[in-house]
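As written, the chains take the letters A, B, C and D, and residue 1 is the first residue of each chain.
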């Protein structure tokens, strides 16, 4: 098998941005019929490597090979012709175009120079069926929730009937069900002889799906081996170079409960007539299939979207906060899921991003102290291990580090309630561990954490209670004792809800 | 009732009281507002005589295309007369032909249209304006010297016509050198800016040929601010300029585009509808302001807006004379 | 895996996609329709052939420049040179068509000028990565200056028959507009045309999907230039002559029409039918206010209110939902 | 050499040398020097002083415009506001106050209120700034029909006169006003939390809102500032011309936008500084003056003006890529 020429390979490629080396002499070979994992911490260079493989970026040194032949100039168009398809992370879609038009973008079937819509419908429909996407093909992508968009992105790659399929963290915004569909699909494609490159920070997925692994650390290749005989701990060792501890901190019973937030008949966005008590000192998980209204629950509590209640108390004050500044004043903080759109100011320096909540709260005309800002920011960067010059724009950070910045900016304000929307999406294991530790400590200090997550294990191992949301209602409230992945999934799917409801 | 309609476009089938449409190109500037004032006053008079019952006013907001649309609407609503300041000297020609064919009296004044399909055009003579201004200035600087020329906006017929009118006199005096020319809106600020820079670039200047609007006041202010001696300058009847003229004791000459052209156009329209013979072009003699009559104008200054124009007095007798005389 | 739900869709995709795009502009359509009824009620002559012809003629140039602006805004661009382009188009038409080039030659000159200047602008904006708003602001001076050089004062001429054909008592202008809209739909059904949206909203993603992003954007500028000078040609025909400053007001009006029609400034948002409806509303507004007997002051105030209202009310409804 | 570059001091110096405002200053200087070679009078001290004075008007209008643009908007009503300010001052002047200060305050309150209404439309009605301010400009036209020429009396306002004509210590009072405003603007923009909020809103208003930035009130403030500085510019330009008139503000709409962009502020919002707008404004009046003294037909002058702006833009106006 290995004697055959790889379908796609990089040989000794290097790449730097503005003089900072990001990849140094990295090689990787994708073989047909194999799912190849690409692992590494945030900022290790994984996305950059796939950008080189797919022609979105040009290497500074080294070569890209297709079927054993060196390609002198790899471009996205050439890559497509060579049968290489990339699933970017929710990136390449256009909200105002329909699902079908998005799927075919850049590779429309033509007839007399025009887009052949019937043909497009047939082929896009087939691709959608593969990923279990049953919305009408004419639906504008902008109307879909994030998880469904991710499926469109995957369908878009499949539409090109690739020989090589590259997926950059495809599951980070997918629910368990969607993830299952995807893994089954990849398994099938693999058996059909397609070469697959798979990037994920979820190691259990990697363990079940992949046969081979390449590990990047600080832009160099530290391992390139078969996955046989490796366990998750071994993978982490490969990535961080030392023995991993437990991913999840040990659960401890929390302090005697006192409600910090309690709402009755709460409605906001998709959420309808929800009763909820959030207790100090606990980590309350919010689970369910993607797009059932969980996000609206957080946003409504945070005062970011209009919400109504029969009665509400938030940190002793009655009524919901009438806006984000009021929520902040009551000690609430919110970390959004879509960090690029909602969490960060990508063009602004990291330090400005970290200080923004402070600017928002200080009196408007109070003079700033750059020195104090720098000190605070340095402290935060050290605390969360955010690498890099604080004066660089946030967009120069890798996804995981961006996530840390989005979280870090609230720390100086010592919030009483942290509303977190999928905070570990796209975050590497080490960072995840740090974040989990932080959340636990936070709860232990008597604060409340509301953790909305699409990562079910996270809910199971970290939370004190988990509220499962379906169709705008909390259909189950699982206590620590009743927590299991099965319980959450079945409640989310609507099966046996009466039985598990506590 | 008048079977033998005399004037162009008039068919004689329209009866008093008439509806007058006033197709303004832009009603915000003070000059326009003053003009509108004279039109409204005239309409009031005509209403009392039972000749007019309604004045319809449109404002094209400076857009010649909108003006065409509004004239079309006037045709559609069947007004009896249209009085018009054109936003372009060519653009309304075709829509006016339609109006004329419908028997609507069209009196075009101030900014004229290059078409004969109107009942009458009413205006001062732009070429004559330029010619007289140039002659005054050349005379004032003793037949030789260096001058600046301040024009109105580029691409507009009126400013171009005035400038062309000055050509003959300038050619006849080769010792008069034109140092520089400008094209600006007929306003104080841009003129002041341009003249200041031109003064620095051309330190020796003997006179300024300013061809209308409030340009002259800007030039005077520019000289004044640099602490330079005033030079002979031509101008128009802007109140600010006349006051500066008096204050600085300028060697000056001014003429005007009287705002009562609007009233006169209204009057003419009704006369035409009433079957009177109306000349195709009523040339308004240029009223001249010089040191001899300047005080008379300034004496009435308080009746005019501070940024307005002090126009010469008018009455119905004047209108009759203008319509009758060649 | 079940194929039932999407198998049925495969037959007809184009029309459902088109229908979906009405969603954002339904409110505007209703407003426009209300204005149309009001106009027809106030001026029954609108329903005659010549009344309809005259009305569509006033709308036509605004419709073209609204399209010209919309296509740029869809790619995330904008032009402040639309007015100057209209003037240039009018001036070229008025100086060539009665000369040796004739009507065909003159029309070709107008079209080539529009395409050429548009493409050059696009190249500067896209390839040199300069902000479109200022490039086209500078461009408006250059293009406007060129118009003044060709025709320093209003003049020139358009053959009488052409004026009568386009701006006479037949709704020829409307027919031409329908043709242009059909051509636009055709363009939007080509891969390059549809890429406009992706190139405008998500250029990086579009590039990675293999869309010729720069090409699509430059093409949009070229088409926009063509539409603008085309509007100039029509204005020249409508007026029978050329005027080097006739287009000035079209710049801001084109933006107002496009935004009224729901075109967003960030690229990729909105539809051409919306932009056309926006331009129709602007044009209708002038006539309806005339027939309602509004004074100029009332016209200014009402115009401001209608524009704000037409943009704000749909926004408001969106927020309410 | 490298040692110098690596020192903290040297790094900061390099940053300044490479910054957009500095580049714009360098371009202004180059244009001035080149122009004074071509025409001796052009570079005369008095002329440069006058150009800076003219620049002050653009600079004042562009001060508010810079705030608005950095906050992610644009203000197309500035020209109309300048006109309203200049034209309404005599109407709002109070005969009993011989200093004329109350009249100026009344005008500034009026123009600030106009700006606040813009802000309300943008923040609460969610009308796009370009449309909101365009509609506001249309409203103001209607207002001007009512107020223009409404007063037959020239208001002799001593403060306005002083602003437009006095030269304490040889420096035009308008320039002094501009310096004062610049200091306040730069401080507000770069040294207060309010300034930081504006940058955040311009870069990503959703993220700013979720971080607790009071977006509505900040938007109101930004447009209010723009109304205020435009009003101030109207007062200054009234003083410089001795008389307000309808249309007096017209040149300042495009000029303010051009000054902002030539000064390196991103028209997309979130990035920029008034420190660049200042030389941007002076650059603009310089080019205008240069074109005025060149002897050419109006068509050619227009072509030259546009080409110069385009050329300068190539030097200083590159947009950074962003996602």
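One rule holds for everything that comes next: a contact is a pair of C-beta atoms (placed from the backbone, for glycine too) under 8 Å apart; a residue touches a chain by one contact, two chains touch by 3 or more.
Model, not experiment: these values are computed from the prediction.
When the interfaces A-C and A-D are ranked by C-beta pairs in contact, the top one is A-C. Taking each chain's centre as the average of its CA atoms, chain A and chain C sit 41 Å apart.
Distance from the chain A centre to the chain D centre is 44 Å, each centre being the mean of its Cα atoms. With each centre defined as the average position of its C-alpha atoms, the distance from chain C to chain D rounds to 31 Å. Rounded to a whole number, the gap between the C-alpha centres of chain B and chain C is 35 angstrom. Residue positions of chain D touching 2 or more other chains: 141, 145, 298-299, 301-302, 323. Residue positions of chain B with contacts to 2 or more other chains are 27, 61, 154-155. Each of residues 147-148, 152, 204, 296, 299-300 in chain C touches at least two other chains. Every pair of chains that touch is listed here: A-C, A-D, B-C, B-D, C-D.
Listing the residues of chain D that touch chain C in their complex gives 76, 121, 125-128, 130-132, 134-136, 138-139, 141-142, 145-146, 254, 257-258, 261-262, 266-268, 297-307, 309-310, 313-314, 317-319, 321, 323.
Looking at the complex, you find that chain C touches chain D at residues 80, 124, 128-131, 133-135, 137-149, 152, 204, 252, 255-256, 259-260, 264-265, 296-301, 303-305, 307-308, 311-312, 315-316, 319.
Listed in rising order, the residues of chain B touching chain D in the complex are 27-30, 33-34, 61, 154-155, 180-183, 185, 187-190, 192-194, 196-203, 214, 217-218, 221, 225-226, 240, 302-308. Residues 302, 304, 323-325, 327-328, 334, 336, 340-348, 352, 355-368, 395, 409 of chain A are the ones touching chain D in the complex. In the complex of the two chains, the chain C residues touching chain B come out as 43, 45, 51, 54, 58, 61-62, 147-148, 151-155, 163, 167, 235, 238-246, 248-250, 253, 283, 286-287, 290-291, 293, 295-296, 299-300.
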